[in-house]
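Everything on this sheet refers to the single structure shown next.
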Amino acid sequence: QSSGGGGDTIELTITQNAIAGGKNAKGAEYIAKWVIPQFEAAQKAKGKDVKVKFIPSGVDDEQYKTKLSLDLKSGKGADVLDIDGIWMGEFAEAGYIKPLAEVAGPEAESWDGWSQIPEAVQGLATFSGKKYALPVGTDGRVLYFNKTLMTKAGLPADWQPKSWQEIIDAGTKLKAAGVPVPIQINAGTAMGEATSMQGVLPLLAGAGGEVQKDGKWTGAAQPLKDALGLYQKIYSQGLGDPKLQQEAKGRDKSFAQFAEGKIGILMEGDYFWRGVINPTDGVAKMADRDQTVGYAKIPAMEPGKGLRSQDFVSMSGGALRTLNPNSKHPKEAFELLAFTLSAEGLKEETKNGNVRITPRTDVNKEILAGDPLLAYISEEVLPLTAYRPPVALYPQVSTALQEATAAVVSGKTPDEAAAEYQKKLEGIAGGAGNIAS
Amino acid sequence: MSAIELRGLTKVYPGGVRALDALDLVIPDGEFFALLGPSGCGKTTLLRTIAGLETATSGSVVLGERDVTNIQPGARDLAMVFQDYALFPHMDVTDNIAYPLRIKKVAKAARGDKAREVGERLGLAQLMDRRPGQLSGGQQQRVALARVMATQARAFLFDEPLSNLDARLRLEARTFLKRLQRELGVTTVFVTHDQAEALAMADRMAVMEAGHIRQVGTPAEVFQRPINTFVASFIGSTPMNLLDAVVRGDSLEVSGCKVAVPESAAGLLTDGEKIVYGVRPEYMSYSAGPAEGALGGKVSIVENLGASHLVTLEVGTASVQAVVPEGREPVPGDDGYALPRADRALAYRDGDLVAAGRGGTEAGA
Amino acid sequence: MSAIELRGLTKVYPGGVRALDALDLVIPDGEFFALLGPSGCGKTTLLRTIAGLETATSGSVVLGERDVTNIQPGARDLAMVFQDYALFPHMDVTDNIAYPLRIKKVAKAARGDKAREVGERLGLAQLMDRRPGQLSGGQQQRVALARVMATQARAFLFDEPLSNLDARLRLEARTFLKRLQRELGVTTVFVTHDQAEALAMADRMAVMEAGHIRQVGTPAEVFQRPINTFVASFIGSTPMNLLDAVVRGDSLEVSGCKVAVPESAAGLLTDGEKIVYGVRPEYMSYSAGPAEGALGGKVSIVENLGASHLVTLEVGTASVQAVVPEGREPVPGDDGYALPRADRALAYRDGDLVAAGRGGTEAGA
Amino acid sequence: MSPRRVLGRIGFYTLIAVVLAFFSVPLLWLATAPFTSDPTYEVSLPDFTLANFRAILEHPYALGSLYNSLILAVGTALLVVLFAALAAYALSRVRIPGRDGLLYALLLLSSIITGTAAMVPIYQLAVELNLIDTHLGVILILTGGLLPAAIFMLKDFMDTTPKSYEESARVFGASPLQIVRHVVVPLVRPGLATIAVWAIANVWGNFLMPYLLFSSDPENQPAAVIIYTLYTEGGQANLQLLSTFGLLYSVPVVLMYLFVSKKYGFRFHGGIKR
Amino acid sequence: MALATSPPEAPAPPDRKTYSSDAAGLGRVRASVFAAPALLLIAVFLVFPALWVLYLSITNYRLSGVEARDPQVVGLDNFFNALVSGKFWNSTWLTVEFVLGSAVIGQVVLGFTIAWLMRDRTGPLKRLVEGLVILAWILPSAVVSFLWVALLDRDGGTLNLLLGIPGFAWLLDYPMLSIIVFNTWRGTAFSMMLYGAALGNVPPSHLESARLAGASGWQQLRDVVFPHIRGHILTNLLLISLWTFNDFTPFMLTAGGPDGKTEILAVYVYKEALIGGNLGVGAAISAIILLINLVVAVFYLRLLRRKS
């Protein structure tokens, strides 16, 4: 609902896909219990009567996105809203969101927080060279492994593979040691975006490729074939469970299986550590997480063969917080937006075990100290990471990629799967002209 | 004064069926009038047109002084009992009886009293709280009557109200209904396809066929002097014998037998003419031995009618039926002779009664 | 040889209703047997148990020599006509008639021939291609009969096959059916609740009440000497007069009048005893003036029966009905006297007939 | 008993047992999981904890959402039953040319509205009509979608009720509305009840419309939406809450069914009149 | 024909103003008033959006992106693209399998069987059976999908536990069969109730006269029952086919997978319109579904009209 200020009271609304008692409950709590009273008090001190209302939500991202689109299209929606980083392009193209400076004025550009946000993370909020939002945070992907199983298979507890071959070798050993699922790298369409982010995209980066480069989509190029080749190795040699990749609840099951000690190596983001196997409130709690679970950077195919010639790679995403161009009080809305991402606020949000990687280096330094994994990602992984292209066509391309992995898992050769991908890509991108191979 | 008067009433259904064809009829005040006819002849249509449930295609319906042809059924001040009684299954007996009063906005207490009063009169006092589904057919019929009585309508219309009852109950209901009508003195039109019912109950009756009224008269008139062969064969517990006959001087030749010319047709027949000779089985005397002027033949069937028997004789190619009193009935295979009563025998020419004064009142008279 | 024999047949429905109660009955070969009784007395249940559509709770059904109590209905070699005829609406007349043959795997051509042959016999030749919906009630009934006839069954079972017909058609069908049965000579059990039908058609009949057979006998036996007041009041076109009486020496006192002791009860009554005096309206002679031994009172209702009238007299607190021949009927309000025929009057003690030899055969004999 | 009959009995009860098993086995999970402290997809003997129920009672929207569901379901059912009954009655009793064709066309169109593609038109329509964020809006939209099938089914009911009841009331002078109130509605009550339960069951499970149309306050969201919040940020089902809430979410419809079936009996009439 | 000569005291009105002659005296005008609220709601909330969807189907409208700001009419492109894409035909074929399997065969046969078995029973057994069947029908789909995931789960699934075949992946190896059985489970109640009512209308005497002639169970069904309830069968087929065509619930079980093996049209539309944001394409496919439904309806009506 656009803010409609009655009298002197300025009414603001803020929404995100979080809700008390459910999805992202802690995020919702932070807004409702801390941001709103603090912000209102701060404004009052400035002599402004501001009322803020939080509109929680708790549904699939697609549904949240649909509703945001409908709201924004109709000139409705909250003044401050959270979106996923990869939606930025299509929202901007549709005119649903506008550059911050355009909405809130030059204050947006001169926000003091920008200086604390690394360049790469700022890129997450940048489209066509303009800043459309503030980043809410970011994440990174690593390889998790079960130290107990590794030891059993004769592998080191501080395992760090340097090439894909080492992953395969470790899988082979794990298999020999009787581990039911040596390696779990998401594949197939059932897991949706999880297959892309925790599967084919890191591998593609490891082979030195990108989905989109300089405005052109990458077709059936060698990096893709290599990435698919790794899938083939894993799933044709019995190192992974191909069935699990097809199950609608496959990802949930992979979590449960890892927690039960049935999976040796698992590629996942930091959410897995924070929200899944978290001994206190994860969905698949691992009481001995800190002792049993190890993590390693994702290696490039071979050292130096990764994206930007790196030895290790990762993928990151992250949410953005932006302004509704229809806001009646864009200045105050921006103040609210900035307030939620103030150092003080982020510290407040991430206390009591709700640690996550925030966009601000100053905050990260302080809060991540207590969590080895998050500190590891923040320090070791984020510098290597890559982001998905924030353009409208990306979701369809991602689906095509997932289908390619599915094809390989079910027995097609990487070349065939890559060729099919290229064909689909031509359909999505509107002709071969938009594709580089 | 006439209670109900129909003038040239015609009803053509959308499909083109002409269910009533320019029908004229006058029913005096207080009369119990029966409408009789075979299935599909238009009895229900006539009743429904009087009630206003069907709109007349042409002609008019006059109730008392008032032309109601274009008046809503609810405003005609009539009450109707349907063949299936149409008792509301979701209301108890009291509410069913009181329903017309409820529509007339009578206060709840008053209409309850009235319903109880009427119900008591019809012997329903014990049943006032039951639903129709918990009543026997005879009880349901009485509730339907009570509902009609509670209305104080100008006239009652009954559409075969007895045909859903047991044979036994039907007989009782007949007497009951007749007595009730006599007491109330309300003009009543009663539709039935059972001639015995019509004969037993009606003050006057009309026999319909294919949208026309063929004969109107008292039961005795219609029974004794049916105006045409249709009415003749339709009326009577046992069908009238209708036999092809040829006039031979002052007698008739019927299936090879010689019988007397019917008294009513005396002098109206020409020699050699082919007519239909009609005589009711009740008006035949039966004997085992030959008799002058009797129809003789072999007994094929003997049906027990209770205190008498219906004997079917094969006379030449024709079948002749006669009612034989108890104790004198033959067995199939016997020879038998049936002597018609000349004063009750009738002659039909081209289907119409040959008679000086003609029997009963003709339709529309 | 008996065609159908029932031994101690009992049927208790799941709800606990004892529809048949240890019933014994023997129906000889070739007989036209009528089952008569009020609604709910178990007639249909009896028929259906014979057919095998209901399983007997105890007792047995024997057809010819064969105990079929546990045999499937389809294997009992019986044919049944249902009250609604149960003609299949989607098959034409030929197919309907031929249906039992089709089930018996008779070749298509052969069964078509048979259907046509039977249909012709029943006057259906012109209708063989129609569907049941395009037939009148009477025609439908004949198709149902034809279907039964085509089977060459050991016995026919009819469940009120006439009650769906027009009053007129019913009379015709009665005669037709009776004649057909006579010609075919197939044992037939015929259920009805219409006593006139049973009397007219049956060779022998049984009167049922509440799961028991109350009386078995020829129509004349049952009509003239009903074994108890239930049968007495159930049989007869007009209900029997059943009047409270007190024995006073060699005559009876009925509603303040003195009438003769029934001949059949002579010597069997004790002085001062309270009995029920029964006499049929048909067995009364009516006169306008007082007569010795007659019941005198005021005429309340006169119903036309065709060639006679049913006169209701109010005698003291009782109503007495008498059949009065044509021409001698009174009008309501007249004084009238009805003299019972002593040889046809009956006496009932505690509901049962008081008589030396008792009328008819008793149930289970 | 003849051997054939014994065989028949055995066959009958075997079949019934199979049917019973088929329909009850999937329900086992709902009976055990809510009472298990750490439920998985496995059905196992629960440890009979009530902790999950405590947790769900603490959920800020859970109970409220059931109340919202109730409002939407009852509101929609009332409108559907009321409007469908009136329309079905009129269509059943008065011959309108092209009536059957119209009904079929509406029935077919209603299928498009249930699809996802219709959400944009419906949303924008609701915006234009100011129905966003109101229960009424959701109720009206759902009613519009359910009406054709409801009219279709109810008309069958009406067609099979004898006209003599109405005619008899009419001769007594009852007005058409009185006839509907006094006679028709009580007569077709089982049909109305059936349609009501059908409508309730439909609304009870509907997610998309309420989700889209209640944009600003989860306090208004029905259970069908709130059940989706019981996932983690990564999209994982919180089975403790989900199974428990699922049970609570199911109970009202079941109670409603039991109530209606006890009170009015359930029966359907069908058959397109030719 | 003797027309009435009007007596002077009650002159017949010159023009015959007839009043309504239907059972309740409604008349066209009042009937319209009765039907108006329903028709109005239908017009506003059903017909109008439906026509809008049909309009969308000829545009390249998307939920977001440039086309959201400025959709172009692309004519029948969406339809052509759908018709030449293997995915669409795959989906259509799957939908046909799904509708035939779960509605026409599963629900109809099972619903009829239960109604037939229970036809002249009363008491607790009947109430239990009907109650369970109806329970499956009225439970919300969000709950029901979990029940079936739990039932069919590969490792701890109740079914595998009962059958003693742990590890058998029903949803992966027999995905279509799984959702067909699921939808049969879910939707049988409607058919059961409808056929229950229909069987009540089959005159018992017809069945019995067939039995007396010696007809077997199957012969009774063929010769007596089916001809009688044909109207009900077709109403039922029409409604459940329609509903099944648009049923989205299987998505919650299989998400259209594995490998699109259960991507029925409703799921296809969901993916295109909601996940992919291609509302124009989604609308076009919806329109095609509508067309298929129309064909099915006409086919059923033909069947119904024939031989009646």
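Labels A, B, C, D and E are assigned to the chains in the order they are written; within every chain, residues are numbered from 1.
Here, contacts are C-beta pairs under 8 Å (C-beta built on N, C-alpha and C of every residue); 3 or more make two chains touch, one makes a residue touch a chain.
No experiment lies behind these values; they were computed from the predicted model shown.
Relative to chain B, the chain whose mean Cα position lies farthest away is A. When every chain is reduced to the mean of its CA atoms, the largest separation from chain C belongs to A. Each chain gets a centre from the mean of its Cα atoms; for chain A and chain C, those two points are 91 Å apart.
One inter-chain figure worth recording: chain B and chain E are separated by 53 Å, centre to centre, where each centre is the mean of the chain's CA atoms. Mean C-alpha position of chain B lies 24 Å from that of chain C. Mean C-alpha positions place chain A and chain D at a centre distance of 39 Å. Within chain C, residues 72 each touch two or more of the remaining chains. Shown for chain D are the residues that touch two or more other chains, namely 40-41, 119-120, 167, 169-170, 228, 237. Shown for chain E are the residues that touch two or more other chains, namely 23, 25, 63, 149, 155, 274. Considering their complex, residues 38-39, 136-137, 166-168, 171-172, 174-175, 178-179, 182, 193-197, 199-202, 219-220, 223-224, 234-239, 280, 282-283, 300-301, 303-308, 310, 312, 323, 326, 332 of chain C touch chain B.
The touching residues of chain A, counted against chain E in their complex, run 62-63, 65-66, 69-70, 73, 87, 89-91, 93-96, 188-190, 192, 243, 246-249, 253, 392-393, 395-396, 399, 406, 410. Residues 12, 15-16, 19-20, 22-30, 33, 40-44, 79, 82-84, 86-87, 89-91, 93-96, 104, 106-122, 125, 140-141, 143-145, 147-149, 151-153, 156, 163, 166-167, 169-170, 176, 179-180, 184, 194, 197, 200-201, 204-205, 207, 223-224, 227-228, 237, 242-243, 246, 249-250, 253-254, 257-258, 261, 266-274 of chain D are the ones touching chain E in the complex. The residues of chain A lying in touch with chain D in their complex are 1, 13, 18-24, 53, 55-61, 63, 66-67, 70-71, 73-74, 76-78, 194, 249, 251-252, 255-256, 271-272, 275-276, 283. Chain contact summary for the complex, chain D toward chain B: residues 162, 164-165, 167-175, 178, 182-183, 186-187, 189.
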